[in-house]
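In structure tokens below, several structures.
Heads up, the next two complexes both have chain A, just with different partners, chain B and then chain C.
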Partner chain A sequence: MTPPTARELHLMQCHRCRLVCARASVSDNAEHSAQYNFRQSCQRCGTRLHARKPNAIARTWALMIAALIFYIPSNLLPILHTSALHHDSTTTILGSVVALWRADAWDIAVIIFIASVGVPVTKFLVLALLLITVQLGNTRSRRERTKLYRLLELIGYWSMLDVFVAALLAALVQFGALGAIEPKAGILFFGLVVILTMLATLSFDPRLIWDSQPKNEQ
Partner chain B sequence: MVHDPTQLIICDYCDSVYHRPALASHQQARCQRCDAILARHHFLSLDQLLALTVTAGMLLCFLLFYPVLLVQTRGQTHSATLIESVVALIQGPISIMAIVTAFAILVVPAMQIFLLLWILMYSRFSRRAPGFRYAMLTLTALRPWNMLEVFLLGAVIAIVKLTGRLEAMPAAGLFALGGLSLLLIGIAGRDLHLLWEKLP
Partner chain C sequence: MSNNPATNEPGEADIRSRRVGLSLAWLVPIVAALVGLSMLVGSWRDAGPTIEITFDTAGSLTPEKSPVKYRNVAIGEVRTITLSKDQQNVVVAVDLNKDAEAFAREDARFWVVKPRIGAGGVSGLDTLLSGDFIAAIPGTSETSANNFRGLETPPPITYDEPGKRFRLRAPDLGSLDIGSAVYYRKVRVGEVVSYQLDPSGEWVNLGVFITAPHDQYVTSNSRFWNASGIDLGITTDGIQLDLQSLTSVLAGGIAFETPARAPAAKAASTDRKFTLYNDRTSAMAPDKGPAHSIHMRFGQSLLGLKQEAPVYFMGNEIGEVTSVTLDYDAKQQTFPVVVDARIYPRLMGQAYDQLLETVGDEADVDTSKSPMATRLFRQLVDHGLRAEARTSNILTGQLHIALEFYSGAQNAQGSITPDNPDQILIPTQATNLDKMQDQLTSLLETLNSLPLATISSNLEGSLAELQQTLGAINDEALPATVNILQGMEELMNSMSSTLTSAEAALSPNSPERQRLGLALDEVERMSRSVRELSDYLRRHPESLVRGRDEQGRGEFSQ
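Right after this comes the complex of A and B.
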């Protein structure tokens, strides 16, 4: 026994204050329109109500592709410049993981690798999977795909780790004889990737996964 | 439609509609279709929420002045507070990231604490705060952008990265940061929307 959906009962939940509102006008045309948007505002907080996030698929694709483009320079460009008395060095993200691994700090190497490679790559793959299956109207393993979306929400900002580590190192090590650590452009692109993938996750609507009904149910 | 819409609850993830469940302590309601958490038992009263918000405010003030990390070399001590970490980014070639970092670890937590204090102080006198609606909408929009817990992990990693070169150690601010990030998850997290119902 599956519970009824808000769409069937002509209900909408305000996405800001979570009040359940009855849909004011239900015309058959609107019922079958792709967008499902209605000019109605929440009685409690005044937010414009919508049954689904507007343009979810196009927005998510756009933000994800922008993030993917920035992900290339974030890996190729140096993230830190270390100047010491006798030698200067710059490190990229992967370079710092390798250096930590060689220095026997394998646990930190694993954490940095997960935050800066594992999390962004997982986000790209999961977003692409969700977008493509929704666009194809796939009805298989909807529960698992919804769980994947919740995973995206959960891991969202943990990739900011590299940006914060660079900021802290730069704040601590900026004095004469001991050298200085300066953040470089790679960190900038990496921060942009994190923000864009967070926005992509926020603009996707997981209810779209459930909108395509299996044919034998209808 | 026979039912009062306020007694219904809709799953954010799959659009399923349920009657609002009555939950005992430590119980939570899950969606049958997609397994999302629909509702949790809320154990904090408004006064407890206010007390925790005041505590969070004090921790944040402490963090403005006390460092998270310390480095000691040849009798010299260098420290990093939250503000100094932001300033270090401003001075580098990527000052745009300073704005993002300042937002994620200073502005968002400070606004969350201020807005909650504003709402809850008025609720203490059973009144709805002026601008309640805007305060609540802002709090909802800020929720995904508080990154204190990530900064906390960043501080721990910075210590390890510096070992071998310099003697880095955690300072009192690191523990305050841990407390503050936990408090904010609790008071400004997912169950925030309940304030709309508790303060009609």
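Right after this comes the complex of A and C.
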């Protein structure tokens, strides 16, 4: 039904110069070679060649768990320290959302909530779903899962909105005694969460979703 | 690693080497976990003690926001604010920093800093914007505690300022308050840090704090007085206006000074008690010595005799009136006025010492001073000491008590009243004014009883007669007198001419004068002859019988 994949044809594309190379396979076992890559270099540019992203699942898991760990302090620790005329306050992410909501700035509150809570949580859930289904070799609704992966790539950097807001505020609001905003540790962890989830998304190979079919058929 | 596709063995080796690489990816979450863990451990280690402070109200404290500060450095944060179980108080849970353990000691103190606007100044203004916060003073006790009772008012000395505390005893608080300044030579050197009523209710006990370099000026001889406000007093001396610096007028203040005449005194030790006088004059007055109360009963109204009216002994102020009350004498059905006064016999000066010596000689049983003074006054009363209410100021009608000796005083008994052995009863004398009134009344009565009508008619008759007599004199005696006067004038004229002739006769060239000179020569010659005769007679007394011999015959022949 479906046309043969590159791997079935024993072909690999160089990631750098896009040269299609013939894959020197150690064994005929496709799954085996998918998991354990040989060191094969591009004939043209010398980049290492992979049929699939190396250690995709493990790396994704690792990065995602790391992001998950950092997500805890990023929410608990204050992200901003606002001082204005002796009025000192530190805000956490959720605290600022609540404060904005109470200040009738519900639109901004929603944006910040989506960027700082909605997006990361979505990423964690989607990545976990993808990883688990791939590992279980689930073949159902693979097309939808691929769409989910594309969504991940799309929304990945939007979480950086928070970090940028904090950075902008900290850079702009420096009026000395009248008012000053400085970033706190929470925003650093949040930035790390965003970067780690993006890396996790990158290290996941969506082709794995489709690889499970032959395994099932075997 | 081999590229040989024909054999499987090198592939095996590759698989193993990859497995090691696979675990490398897991380093990321491990590192993340380590970071998280270290933060957790760090925060756990940094977490200081959690304490609970009970306040009456929470003020504008906010949970997880209001800091706890010491010297304006945050040492903790309010975590929760809850009502106590009996709902009488507010329990504030505070997370202290790790290095703030000294604040979890038994004797640490906490209070809520609020903006306070008083006449003495504005404090805690920053809390208007930042909200209240809890201020703390660390404790020094060894035992740690977790439950504290918050102070409702800030403690007087917030930090361990060097200086000394002194205690003052005042009859009333005046316009003083916590924070009122203490002045030394009009320099602000300290402040009032506490006040409370004495348990007896008769005094106010004030605590003052004098900061370090200035506390040395407080000596055991120092006198404190209330320097607050405007002191406008109408005393028997007239109107007196005392005005201090404007701050102390508004906010109240205490001043102290050491009398110059006091002997060199060393700096007072901390917590020493002083008396807070009402004004500088009374504060700087010489030491009055022990007080004695005297008791007087006046038979007449004493309008104008007020409390604190002075008591004079022979013109010296020695005390003041403490109370003026009305008594009822059922026997005589009169209302005597009972006057109690406090006197300081020492104010009598030298006289008192001398008097004491005489009394001490009489009775050496009691050595304590008060019975001595009592005896002394009893003695004085026996000698005629009487109390009298006198007007001291005509304008205000104020009275004072004068203790003086009256020789004619009846021998009233000045006895010790039984209920208070220290009290001295001094018999009284009717007031001058009263006596004057009495005399006036009797005078008027006498005048009233005079037969004025008769006297006046008689007087009228006498006057008419007098007028007649005068008319007669005018008509008859006067012309005669004129004649006499004319005669006298003539006489005078003749006398004048006589004198003129006498003057002419006595002039040196007049013949009368020359004749007088000759006559005098004659007299001189005659007296010489008489002397010769008497000499001759002494030598020749027989010549009186026989006659003289030949030599002298020719001269004295008689």
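One rule holds in what follows: the second predicted complex is superposed on the first by the 198 of 218 C-alpha atoms of A that agree within 3 Å, B and C clash if a C-alpha of one lies under 4 Å from a C-alpha of the other, contacts with A are read in each partner's own complex, and residues count from 1 in each chain.
One rule holds for everything that comes next: contacts are C-beta pairs under 8 Å (C-beta built on N, C-alpha and C of every residue); 3 or more make two chains touch, one makes a residue touch a chain.
Please read all numbers here as calculations on a predicted model, not as lab measurements.
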Taking the superposition on A as described, I'd like to know which of chain B and chain C A:Trp158 touches: first, second, both or neither. first
After the superposition on A, what does A:Leu196 contact: first (chain B), second (chain C), both or neither? second
Classify the contacts of A:Ala66 with the two partner chains as first (chain B alone), second (chain C alone), both, or neither. second
Tell me which partner A:Ala58 touches in the superposition: chain B (first), chain C (second), both or neither. second
Is A:Val173 in contact with chain B, with chain C, with both, or with neither (first, second, both, neither)? first
With both structures fitted on chain A, tell me whether chain B or chain C touches more of chain A's residues. B
If you stack the two complexes on chain A, which partner ends up touching A:Asn138: first (chain B), second (chain C), both, or neither? neither
Shared contact residues on chain A - chain B and chain C: none
Residues of chain B defined as touching chain A within the complex: 1, 5-6, 8-10, 12-18, 32-36, 68-69, 71, 73, 76, 78-80, 84-89, 91-94, 96-97, 100-101, 104-105, 133, 136-137, 140-141, 144-145, 147, 150-151, 153-155, 157-158, 160-166, 168, 193, 196
In the complex formed with chain A, which residues of chain C make contact? 1, 3, 5, 8, 10-11, 14-15, 18, 21-22, 25-29, 31-33, 35-36, 39, 65, 126, 129-131
Quick one: which bits of chain A touch chain B in the complex? Just the residue numbers, please. 2-7, 9-11, 13, 16-22, 44-47, 100, 103, 105, 108, 111-112, 142-143, 146-147, 149-150, 156-158, 160-161, 163-175, 178, 182-185, 187-188, 191, 195, 198, 202, 206-207, 209-211
Hey, which residues of chain A end up touching chain C in the complex? 24-27, 36-40, 55, 58-59, 61-63, 65-67, 69-70, 72-73, 85-89, 196, 203
